[in-house]
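What follows is a group of structures, each given as structure tokens.
Across the two complexes that follow, subunit A remains constant while its partner is subunit B and subsequently subunit C.
Presenting the complex of A and B:
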């Protein structure tokens, strides 16, 4: 019943093989060299170029299913923001993103960050904003209308940082950590497009600077927006997160690495899938040449 | 009267709200009082979301209660669903009632179930995709036609180009993967994106004018 078509190998053996081979590099790292791609480099350089005090929106629009990819991306970028003295307004347009965002912020800014002195001036977490793309549009037009309180019940009016954030025009960079809808395309459609040219500090295109960290499977759909300079940098899946972490390790001795140790395992998984494809095709060719119908 | 409530009033609401937002988006300048009034309108989506949440909860409980009472398909799972919803509601409300400040993290138990149970279960289910993809790659990727061969070769190049081992084998793999993403993929995706956008605009116009009524349910 569970025999795969082609070479006639039971698929459970494939599962076991993948599990074992992908697990070994986690326990015994291969330390394969990581090449930093253009997309990840641009996210780093764009963030690095912001002057201290710039306002960054960090939007946690992902759920538990994709934390392996999105969490390291968001964490590394927030760490970078913290090191540069950038001020962060964190939000979530996914209900599941609220608690996950809080957890990422705790990792970067420390346990009980919401009670620290820097909370309200350097960092604010508004939590979940309902309404998906409509919520995004409202936030871009007027964050005070989108959410009356932060994630912890403090009125927005009592948070000094929010006095300076009255619309998307006050945002210097939007970091979108996403694995679906609403995600980067909704930011482009409902925030960036509505506020084009409202901030003289933005690039010549007039678009609010937007960088995205996404699951690898979603990145191909972003390329038209990347080429139109609506997206200025992309962290492409786990590899993108690892590449960003590597840049932080080199520049800031980043210690919260989460994606880098998994890249060896990813390499083994990719090679194994190619081997499976080759074996499947050889089995299919043999069965076809022997007069069978093949798979 | 029934037709007025079921058809004409929803059609009128759709037209008025949709038309208002079109005017506000395309014809009103930012920072004008009229544009700010439209923002107030979108902010009221909270009311709809909360109402939908309550309706969803009632519908879920009703559906599974009926399934249990009729001993329907997999009724045992319905018991688990209802027990889970009721349990999570109780610890949520308990937390809100006993704490002053932390709304979402009102209760440690509430937080623990989310962070240490739900998050891991959901991540585990999604992780199983790796095994299905490996199995599917073995069974489905065949060099049976030119198109399938191109797909297979491009897939293999992307697999090697997007993992560190690709550059170890040959340093050209990441460059090829980047080019595939930036050029052929972007061209195809741009065509699809524009096609979807044109289709969405035409559908929106049909809905605004009341020509497309599928969202109102079947006409009886």
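Presenting the complex of A and C:
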């Protein structure tokens, strides 16, 4: 039986404790207060400031392994776009993003949205574009070359919205929902960087406005891009999704909340891990002061 | 063409999906107790499904670009034959005689990616980062607000970033011995790097916790009509794991686990 050297506690007891404590808030919500962070607020404000009719690209670049984090982010942002009358071109540069994106769009725009009147004018789903970075760059240069048909087999030429989307220069905001590669860094390198300054409506830096919803593990690596204003707002994992949902609840009575109810459980889990780390360090300090070698 | 609704089960299969989901979730997490045949089976199933799904989707998407959907080949755009032929050349990997042909698509893809990466990386990940660090405000006003007003003041943020960048870079400077001023700088740089890794670790914990909570939510909330809740099956799945785990311990002679970190006798000697 393996044991933690620091405190001598079998790690499996810690797993059981984590399982129990994380379960309690799911079954009996604690309703802990949620503060809206700067990064989530900026995503909301940037989207909210767009005039009706603006073109937003929503890119579903995640797989089933991270739907807990990415799906609420994408869903909340799409709902926000719909409420504001923004026109959405949805794509996926991950194969799994095709069906997952369709599922998210169905939640927001309703079952059979592809048959509705607004499809083709207010919303288009191009589906999976193969080629990863190459596909992304081609899409930025000329979406018509990147994908000949949409997710449902309709030719792009038959979609009125796509008549106005001939390159990244026509995009007013890019929402990137990602958990890996290709993701936000590839958008920055192969779309944003290549089309700098092509749209006078973009910020002073000349970069196409980019907001990112990502798994929490990737967010520290995005900070240099955020500081350089290549990324204008970040939804940080489940917490970021919950914070965005909270802003939507306040502003639009958002009813599709998915991340917000789970934040209690996440907070409890984090407290437990902090306690574990403290115990481990105290155990290490005691063993060191007692002449032992420590962990 | 792959149906656009693939991945979405018809409602009549929801019950089976929930049952399968409970067993798969418990089996994969049973790895935390010990590696066992059930955790391994689900792990392999996941990898296999993901590989097949990705392959099918990429095949469909590539062909729909050139052959069906847009019908570019039928319209006489024969240039689309080139990527199709190059893609098929990957299959020469499986022959000894024509293996050399497999190298052509690999080298073309590697060349394209190298060219794209060099341009994209230098501009977006290197030049822009240097520019934005150099442009950090230390004095004056930004957007009509004094750099040192408010909390935390922008000036303090800038100083921390500048010190962090310089000292962290100095840590990787190996031309001179790390003594004196350079020694102090590398020591601070080491702390900066440790703080960065700490932030990354915090993000990792947060992400893994989120995924765990996602599965817990499924276990507690997935249901079928009014009579079946997924959590009914949790004890059954746990008992199955215990039986298989204990059976594996007592039945056959121990074999080296794929993921075991314990050295074999041969390695020990």
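We take it that the second predicted complex is superposed on the first by the 288 of 295 C-alpha atoms of A that agree within 3 Å, B and C clash if a C-alpha of one lies under 4 Å from a C-alpha of the other, contacts with A are read in each partner's own complex, and residues count from 1 in each chain.
Throughout what follows, contacts are C-beta pairs under 8 Å (C-beta built on N, C-alpha and C of every residue); 3 or more make two chains touch, one makes a residue touch a chain.
Bear in mind the structure is a predicted one, so any value in this text is a computation, not a measurement.
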**OP:** Could you look at A:55 and tell me whether it touches subunit B, subunit C, both or neither (first, second, both, neither)?
**Re:** neither
**OP:** Determine, under the contact definition given at the top, whether A:76 touches first (subunit B), second (subunit C), both, or neither.
**Re:** neither
Subject >> Partner chain(s) touched by A:86 [first = subunit B, second = subunit C, both, neither] >> reply: neither
Original post:
Can A:151 be said to touch subunit B (first), subunit C (second), both, or neither?
Top reply: both
Subject >> First, second, both or neither for A:221, with subunit B first and subunit C second >> reply: both
**OP:** Could you say whether A:26 touches subunit B, subunit C, both of them, or neither, answering first, second, both or neither?
**Re:** second
**OP:** Could you say whether A:162 touches subunit B, subunit C, both of them, or neither, answering first, second, both or neither?
**Re:** neither
**OP:** Using the superposition on chain A described above, determine whether A:273 touches subunit B (first), subunit C (second), both, or neither.
**Re:** both
**OP:** Please work out whether A:229 is in contact with subunit B alone, subunit C alone, both, or neither, and reply first, second, both or neither.
**Re:** second
Original post:
subunit A residues touched by both subunit B and subunit C?
Top reply: 15, 18-19, 22, 63, 65-68, 98-100, 102-103, 127-128, 130, 134, 137, 149, 151-153, 194, 216, 219-221, 224, 227, 236-237, 239, 266, 269-270, 273
**OP:** Could you pull out which subunit B residues touch subunit A in their complex?
**Re:** 25, 30, 35-36, 39-40, 42-43, 45-46, 48-50, 101-105, 111, 114-115, 118-123, 125-127, 130-131, 133-135, 137-144, 152, 155-156, 159-160, 162-168, 171, 174, 178, 181-182, 185-186, 189-190, 193
**OP:** Note which residues of subunit A are touching subunit B in the complex, please.
**Re:** 4-6, 9, 11, 14-15, 18-19, 22, 32-35, 37-38, 63-68, 98-100, 102-103, 127-128, 130-131, 134-135, 137-138, 141-142, 145-146, 149, 151-153, 167, 194-195, 198, 216, 219-221, 223-224, 226-227, 236-237, 239, 263-264, 266-274, 276-277, 279-281, 284, 294-295
Subject >> Residues of subunit A touching subunit C in the complex >> reply: 12, 15, 18-19, 22-23, 26-27, 63, 65-69, 95-96, 98-100, 102-103, 114, 127-130, 133-134, 137, 147-149, 151-153, 155, 185, 188-190, 192-194, 215-221, 224, 227-230, 236-239, 262, 265-266, 269-270, 273
Subject >> Touching residues (chain side subunit C, partner subunit A) in the complex >> reply: 1, 4-8, 32-33, 50, 53-54, 57-58, 61-62, 64-65, 69-70, 72, 112-113, 116-117, 120-121, 123-125, 128-129, 131-132, 161, 196, 199-200, 203-217, 220-221
